[in-house]
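In what comes next, chain A is part of two complexes: it sits with chain B in the first one and with chain C in the second one.
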Partner chain A sequence: MKVLTAVHKKIKDLHPHEAIAPGTGLCAGCGGLEGLRMGLKELGDDFLICNAAGCFTLLSVYPFTPLKGSWLYTTMGGPVPAAQGVRDALDIRMRHKGLEEKENLNVIVVAGDGSSNDMGFGPTSAAIHRGLDFIYFCYDNEAYGNTGFQLSAASPYGSATQTTPSTDVHEAGTEMNKKDLFEIWKAQKPVYLATVSPREPIDLSNKFARAKDLKGPRMFICMSPCPTGWGFDPKEAQQIAKLAVDTGIFPVKEYFEGEMVHTVRPRKRLPVEKFLERQKRFRHLFAPHRQDEVIEQIQSRVDDYWRKYD
Partner chain B sequence: MWRIRIHGRGGQGIKTASQIIGSAGFYSGFQAQDFPLYGAERRGAPVIAFTRISKDPVLERGPILSPDIILIGDETLLNDPQSAPLCGAEPSTIIFVNSDRTPESLKHNFTVMAINLTDLCIQYLDNHTVYSSALSAVGARLLGIIELPDLLQAVEDELTGVSSKVMKGNLDLARKIFEVIQPAVVSEKVNKPLIAKQLVFPQHRPVIEAAPIILQPGNMALRKTGNWRVERPEIDYEHCNNCLICYARCPDGVIGVDSDGRPEIDYDHCKGCLICAQECPGHFINTVRETGMFP
Partner chain C sequence: MKTPNKIMLTGNKAAAWGARMAGVEYVPAFPITPQTEIVETLAKWFADGTLQGKFTNMDSEHSMFMAAGSAGATGVRVFTASSSQGILHGLESLYTITGWRVPMVLVNVSRALATPITLEPDHNDVMSTRDCGLIQLHAETCQEVFDFILMGYRVAEEVCLPVLVNMDGFYLSFTREPVLIPDEQEVRSFLPLYTATQPVFQASRPMARASAVFGGATYTSFKLQQELACRNAEGCFNRVAQDFEKHFGRLYGPVETFHLDDAEYVFVMSNSFATKGKSAVQKLRQQGIKAGLLKLRLFRPFPGEAIASALAGHAKVAVIDQNLAPGMGGITYPEIVTSLYAREDRPEKILSVIGGLGGKDMDDQDFMAIIENLDKLDGGSPLYLYDEKDVSGFNRLQQIAELKEAES
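Moving on to the complex of A and B:
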């Protein structure tokens, strides 16, 4: 396996450059914005973001943009085809029209879990298949957050969303399991694939630094604690992100040249309850009565996952 | 017909306040209509909600342009061009501001009153600053046509699903405000027929000319989100050891690093999520309540 070097070792090594100006309309304490901010720090200003409709639509509200680079707004299913178009246009202009190499842009797709798992899923698969040279950043807040938190294919079992609340008939709330987007993408063997957490800024930055110079599809899934949808105080966003990693619910990992490595491993996994009990979307599991079998099922899924790697 | 317009920010219970007034009016034997208006933005961004209460069927539709009562849940909005809470106010309009003091600039032209609802909410609602029941109690009381039991019934209806402790806090709060405020003289306006606007036919232009293009990268910083804050983080520089954890953890990137390597908060844009205060390993970031931000 090719040895991947760590560029950053401590917080003070992080790139001082901010590619996102403040003043956006995103919620206070947005975990996804933190992830994108850290990632873009590594990529520099020469980028073009193809943004799928979603929460991050609010990044740029005409006539304002927080980005130092370019931004193209697309439909929920269309960011990857847009990225293909932009990439092709840049390549053709560089090859035939005399566009200088220094004018080249990093083409980045920014999409939420709804776009990534549902509507934009097919085009993304096709783009990985074609080997499109782009970076894909999926901010995963596990539901359609921008429209009021409705069920997406990334909503985890046992969580309440607006369309799957806990009722007498469906006590657990969401009864489907979260789509394992990492494994699905991994099966297509993209050049680089990683999950990142805003709580691990050094790990996150190192992953973007590695992906920056590679060619081909480079995919990121960012755990994005959502104060509004998940139901916790904005100041707890980072603690929730930490608990997601420490309980093993969100594995921080990387896939490169055929090998999958966990880059941050919880030393001793905490019970999943620690993560669940602090969020309103899981409150029905604890009150008015405890739903032990649901909590146990969530725990056993996490245990099953880690058994392979312990 | 009485028309009430409520201004606040996403997450402050503004929409629910308009619903509570509507339901309370309904229980008091009137016809009611309520609805909110907000853009794509959410928690922290300006929100407007409307309630119409009438003895006759409410046939009027759309936003309320000339309100009888304006309730402003967040004093910082007085200065906000997007929210424009005073738009359409007439000399007869009663303006309520959630604040410690009555804005001097308004006193000459309008009937203005102010009560600090934030402190009351903190006291009654276990430190939560959600103004749904407080603002609706203010509106219902100012109108003077809604009875207390009807208001309390409406609070119970609209807040269904909250814990009994939260419900009790809200009911006590509504009762308290009903006591503190006296009904105002709200003259019932004659229904003016709305004048239809002239029809405008859209003109088609090539995308290359007409597509919205922003040519100033990073100009979002012109929009100040600093007035979203309820609490303000303050770094205790005597103890701060410049570890820069706060700088790394701030989602909006409003904590910069000065030339001495010290973290520095940009208060023009800090939304007050307080992640920095929570994450500071030595707890060297204090939180202070924001007050008195209007001009």
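Moving on to the complex of A and C:
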């Protein structure tokens, strides 16, 4: 396996440069925005974001853009093919029309878990198949957040969403399991694939730094604590993100050249309850009565996952 | 002017040749009958180096139109083609990219829409794009397909909107006709190789495009700009058509008239079935019936003035729609009637005719049925070109399926 070097060792190493200005229309405490902000620090300003309908569509509301680079709003299912068209056009212009290399752009897709797992899933698979040279940033807040938090294929078992509420008949709320987008994408062997957490900035920055110099599909899934949808105070976003990692619910990992590595491993996994109990979307698991069976199932799924790697 | 090559081409091949002579640089593609021959032909030309640029096999029409649009926004000359269900599948993208205001030409090879699923043509597919802001040119012949693609790029690149060139599946897409392919230098003097005049994506020019808007007034500003651009496209088309005539000797107005001057009965038609209409006009004239035909070419922007001027003063007009809006009738009919409303010398009778659905042929009897209806005070409108023999044909199918007991 090719040795991936860590560019950054401590927080002080991270670029002071910002490609996203503060003061966007996104929610305070949005974990995904923090992830994107740090990712773009590594990628530099020569980028174009093809955006899918979702929370991040509010990044650029006419006549404003917080970005140093370019932006193209597309559709919910179409950011990846839009990235294909931009990539192809730039390649054509550089190869045949005298466009200088310095005019080249990093083509980035920014899409939520709804678009990534559902409507945009097929086109993304097709782009990996074509070997499209692009970076995919999925901010995963585990539901359709921008429309008020409805079920997506990334919504975890036991969470309540607006369209899978907890009721006497369906106490768990969401009864399906979260789609394992990482494993599905991995099956297509993209050039680079990683999960990142805004609570692990050095890990995140190193991963973007690595991806920057590779060519081909480079896929990121960013755990995105969502104050409004998950139900917590925005100031707790970092703690929630940390608990997602420390409980083992959100594995921080990387796939490159056929090998998958956990880049941040919780030393001693905390019980999942520590993560669940702080969010309104899981409150029904604790009140009016404890749903031990559901909590145990969530715990045993996490245990099953890590048993393979312990 | 050098003597152009005259070669036998199907409508599809003529489209591919149009794209080739236009010097297209990028073709995102997805197959669908009866369009596939176009992208297959272009794929070969990109693969063997005849064309420079890139051909990308896409995963759906939705993706294909997105890639086409974003490449248009990044400064290359783009061509693509689709048909029928593909147009519907890509419709969201079509609305999106017309709003992006990007130039390109796409060909739609008309094919009726499901349900039931079929392969043969009518115009519900292209009519579904009627309101999305595309410029539409409808072709009757293989030569028109070729010519409209060259003209289409001139118009698209001037007004910054995509142009759709329409042809009928099977009737034109697979019919070989002689097509004049002009010398490449002559084409270049009419349509130079592409250099974007609008800002396009590149590192030195960061920009946000298609940002979200809040508030109806901002939204309206953008939509009205699109509306003005599309309306401007009519004047632009006419100027381009005159220049095209200078270069190639063929003049295309927004509409075409056929034996119209003294006509008492006028058929309004479009696309390949206009050829059947012209043939019917000639036969009717031999019988002493003064028939004529108005063919629609430019359908968006809608050349209301040109259409009204052509139809005003004629007593009886039949608008033949090869499409159906269930519960309403023909889709072009109300547009044509509207264009005539303010004319004092508007026709006494304007009949809506629904025919040619799913590729159903139109024969002399059908045209005679239209004439007879036009002669009646209360002939009933719309007139469906579906008669006793069609009913008995369908009954026979049902008998085969044993849905009905055999009558004998």
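We adopt the following convention: the second predicted complex is superposed on the first by the 310 of 310 C-alpha atoms of A that agree within 3 Å, B and C clash if a C-alpha of one lies under 4 Å from a C-alpha of the other, contacts with A are read in each partner's own complex, and residues count from 1 in each chain.
One rule holds in what follows: contacts are C-beta pairs under 8 Å (C-beta built on N, C-alpha and C of every residue); 3 or more make two chains touch, one makes a residue touch a chain.
The shown structure was predicted, so the numbers you read here are calculated from the model rather than taken from an experiment.
In the superposition on chain A, A:A187 makes contact with neither chain B nor chain C. With both structures placed on the common chain, the touch criterion links A:Q84 to chain C but leaves chain B unconnected. In the overlay built on the shared chain, the residue A:Y62 is in contact with chain B and with chain C. In the superposed model, A:M176 lies in contact with neither chain B nor chain C. When the two complexes are overlaid on their common chain A, residue A:L48 makes contact with chain C while staying clear of chain B.
In the overlay built on the shared chain, the residue A:G29 is in contact with chain B alone; chain C does not reach it.
In the superposition on chain A, A:A237 makes contact with chain B only, not with chain C. By the touch criterion defined above, A:I11 lies against chain B but remains apart from chain C after alignment on the C-alpha atoms of chain A. On chain A, the surface patch touched by chain B in one complex and by chain C in the other comprises residues 45, 57-58, 60-65, 67-69, 71. By the touch criterion given at the top, residues 11-12, 14, 16, 18, 20-31, 33-34, 37-38, 45, 57-69, 71, 146, 198, 201, 227-228, 234-239 of chain A touch chain B in their complex. Chain B contributes residues 11, 40-45, 212, 214, 216-225, 228, 243-245, 247-254, 257, 266, 269, 271-275, 277-279 to its touches with chain A in the complex.
Across the complex, chain C meets chain A through its residues 25-26, 28, 52-54, 56-60, 62-64, 66-76, 78, 92-93, 96, 100, 201-214, 218.
On chain A, the positions that touch chain C within their shared complex are 45-46, 48, 50, 57-58, 60-65, 67-75, 77-78, 80-86, 88-93, 96-97, 99, 102-105, 122-123, 125-126, 130.
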